[in-house]
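The structure under discussion is supplied below as structure tokens; questions concerning it will follow.
Labels run A, B, C and D following the written order; every chain starts at residue 1.
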Amino acid sequence: MHAAIAGGLARLLPAAQVATATLQEAEHGLTAERLANTDVLTWWGHLAHDQVADEVVRRVQARVLEGMGLIVLHSGHYSKIFRQLMGTTCSLTWREADERERIWVCNPGHPIARGLGRYFELPMEEMYGEPFAVPAPEEQVFLSWFEGGDVFRSGCCWRRGNGSIFYFRPGHEHYPTFHNETVLRVIANAAEWARPRGQWVDSCPNVPESAEAVAPK
Amino acid sequence: MHAAIAGGLARLLPAAQVATATLQEAEHGLTAERLANTDVLTWWGHLAHDQVADEVVRRVQARVLEGMGLIVLHSGHYSKIFRQLMGTTCSLTWREADERERIWVCNPGHPIARGLGRYFELPMEEMYGEPFAVPAPEEQVFLSWFEGGDVFRSGCCWRRGNGSIFYFRPGHEHYPTFHNETVLRVIANAAEWARPRGQWVDSCPNVPESAEAVAPK
Amino acid sequence: MHAAIAGGLARLLPAAQVATATLQEAEHGLTAERLANTDVLTWWGHLAHDQVADEVVRRVQARVLEGMGLIVLHSGHYSKIFRQLMGTTCSLTWREADERERIWVCNPGHPIARGLGRYFELPMEEMYGEPFAVPAPEEQVFLSWFEGGDVFRSGCCWRRGNGSIFYFRPGHEHYPTFHNETVLRVIANAAEWARPRGQWVDSCPNVPESAEAVAPK
Amino acid sequence: MHAAIAGGLARLLPAAQVATATLQEAEHGLTAERLANTDVLTWWGHLAHDQVADEVVRRVQARVLEGMGLIVLHSGHYSKIFRQLMGTTCSLTWREADERERIWVCNPGHPIARGLGRYFELPMEEMYGEPFAVPAPEEQVFLSWFEGGDVFRSGCCWRRGNGSIFYFRPGHEHYPTFHNETVLRVIANAAEWARPRGQWVDSCPNVPESAEAVAPK
């Protein structure tokens, strides 16, 4: 799955350097040095969320707040890193029933929707339904319609610290979702949208400003 | 239609004083005096948006900014007052095909969803689809699923000035939507949510503050 | 300090039951049973943030998401619970210089500003300055002006899950801030604003919906 | 004044084509053709807001919703176009007293703050104070501190339709504010931030979707 995503991004974003990291690698492949050189991180996970080391989660969170973009895919809604950044449970409802999903663009001028039509479809996907327990999205890009009668806020944007976060719903492991050209296009667009916007380093609060005070005592 | 809504509100909110106003009345029934004594105004309109006097629209807008709640129903999305308060086109897509609508609660802890289950259904309604051209909702209460394959942000909250605004999608004139008990419950909940929160009067900007200045020149 | 706040709340909100809990108590006085019976929790802390047990923080977070209001005071910006709910560092700049603080109301219609004038002053307070590393506030109630040349977003509102969160800046332990009548009024107003809005319990995502599916397979 | 701004932008954004338009020109220099070829419009106005033709305001609003960026400067807060896009009064308090203004960066990672320090100062400016009657900013970039004891949300971002809107406070006509290098840098940064993000044309709501319906009747 990570190979499919990486391959798609490398093809659609020829100027980008694309690499992968997996749970099994030392530090899950997310060393401090590597994160420091990463502009945007894409995260997919499912059954093994608890096996992700808290130390690595803290490191990724710090790097997002420093400016790295984060794209959370599908069951990554329940990852430690996403819950940590949202502050909420990030729960939802779900059903595995080989359902058709129709993903609507509700913000057609948003850069993440660039090049898309009014909607696109995935012939079979897992269903995710509301309520999606996240903070109110700052921009809503996609909403999903499911054959079985459910809806979902499928593409949501937040800014946290200097970092940009995009949650994108599709991607169940039983289906060829990450071989779908539009899905890859969305992830590539999101990677461009989520690129670091600024270089500010949060230097802790212990910085007395007396030298700059207007009327120092 | 206004009678059905007013009757439902009077029954569900026994402490409230409920009255109606229509386009045909002088000043559409929305005189300055009457608005000054109104806590929450419910607005439905369809073909005659252009017949609403600009003077009355300005008066209603001023009263909302002063603190009056506003509940905009269905085709009221295209009313002058809603467009004026949102600043956008408020456009959407639509289809009349006697479709089933399933309205999902995506914020079950919100007061407007009080007493509702996970969703409720209307057996036949007009379809409204995305993109819904409004500012990002500050709180999203409902999302609609339509039999024909569309979705819509059906319950949206905004604060403007001192006023609270709720848009609620259902209510096509061909269907008995405003006789549906859950629809009336939502409007009653919204009326409680949208009650004035504060009494501040916006006194124009021409208020020099020199008496309070720390270091007057 | 907790006694001053509790006394003020008991006086200003005569219908409320007010109690205190401190770090030194077993489970910091925040047992599951006690939290379950709490509508709004006020949090002040300074040097001992690290001594707050992670288990208690998780419990308080869960209860906020369930609907309990949370009012975070002053140096509580750096508490585990506030950082956990915000997802950011919550850092700021600071200076101890016995400065005058003028707290401006920037949303006079907001219920937390009820009964206040255009601003109020504290003759001496610690300075907190921008950047305040939190998610964009959903409503901004207060901004502070400091004699020494700094500004700060002093009153910020967020909704997380079913819970309402208010951060209020003043309250350094060297000054009689919590004996100031306006400060107590703000906390009392915030306690009313932050009361639970809904009763929904987040029941984890493992809830297949097949019985309700429109077209079950 | 427009010459100073245009000159600064031309220097700081050498790839940009910069031109000016004034009230006195036919259609205020904002013809449909010209707007169609404009990516970002900067708006300053003071005493003559009422002389701006409603037809031109509607045209500019439509073009913003289509994707053009809009930067509103200083007393432009009271322009028809800004009030139209915000939906609120956009009022504030003010005082002319040759006061020092210190403008703080409260979102240092935001592209509009690129290249700035923690704050910058204008030795003399008109004071603008809270409450600033606008919808809650989606991103807050600057806050102002005034010598006389006031504060103001000096740099505010909103998205409306496809368009990006930035309000920037400084710029009273009695002072050389638009010759200040940091002020020009902010406007140039804002012009880059506000460039059109998407090409979607809002095609009115009258677009039945029956051909795409899942289950047409």
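Everything that follows uses one rule, which is that a residue touches a chain if its C-beta (ideal position, glycine included) is under 8 Å from a C-beta of that chain, and two chains touch if they have at least 3 such contacts.
Bear in mind the structure is a predicted one, so any value in this text is a computation, not a measurement.
A.B. asks: Check every other chain and keep only those touching both chain B and chain C; list them.
C.D. replies: A, D
A.B. asks: Which contact partners do chain A and chain B have in common?
C.D. replies: Under the touch definition, chain A and chain B have C, D as mutual neighbours.
A.B. asks: Decide which interface, A-D or B-D, involves more C-beta pairs in contact, and give its chain pair.
C.D. replies: B-D
A.B. asks: Mind checking the centre-to-centre distance between chain A and chain D? Centres are C-alpha means, answer in whole Å.
C.D. replies: That gives a centre separation of 30 Å.
A.B. asks: Distance from the CA centroid of chain B to that of chain D, rounded to the nearest Å?
C.D. replies: 28
A.B. asks: Mark out which residues of chain B touch at least two other chains, giving numbers and ranges.
C.D. replies: As it turns out, chain B has residues touching two or more other chains at 102, 108, 129, 131, 136, 138-139, 147, 149-150, 159, 161, 200, 212, 214.
A.B. asks: Edges wherever two chains touch, nodes for the chains themselves; is that graph a line, a ring, a star, complete, or other here?
C.D. replies: Looks like everything touches everything, fully connected.
A.B. asks: Under the stated contact criterion, what part of chain C meets chain D in this complex?
C.D. replies: 102, 104-108, 129-132, 136-140, 143-146, 149-151, 153
A.B. asks: Could you pull out which chain B residues touch chain D in their complex?
C.D. replies: Those residues of chain B that touch chain D are 61, 65, 78, 84-89, 91-99, 127, 129, 131, 133, 135-136, 138, 147-150, 158-161, 200, 202-210, 212-217.
A.B. asks: How about chain B: which of its residues touch chain C in the complex?
C.D. replies: The contact residues of chain B facing chain C are 67, 102, 108-111, 113-114, 118-119, 138-139, 147, 159, 161-163, 196-200, 212, 214.
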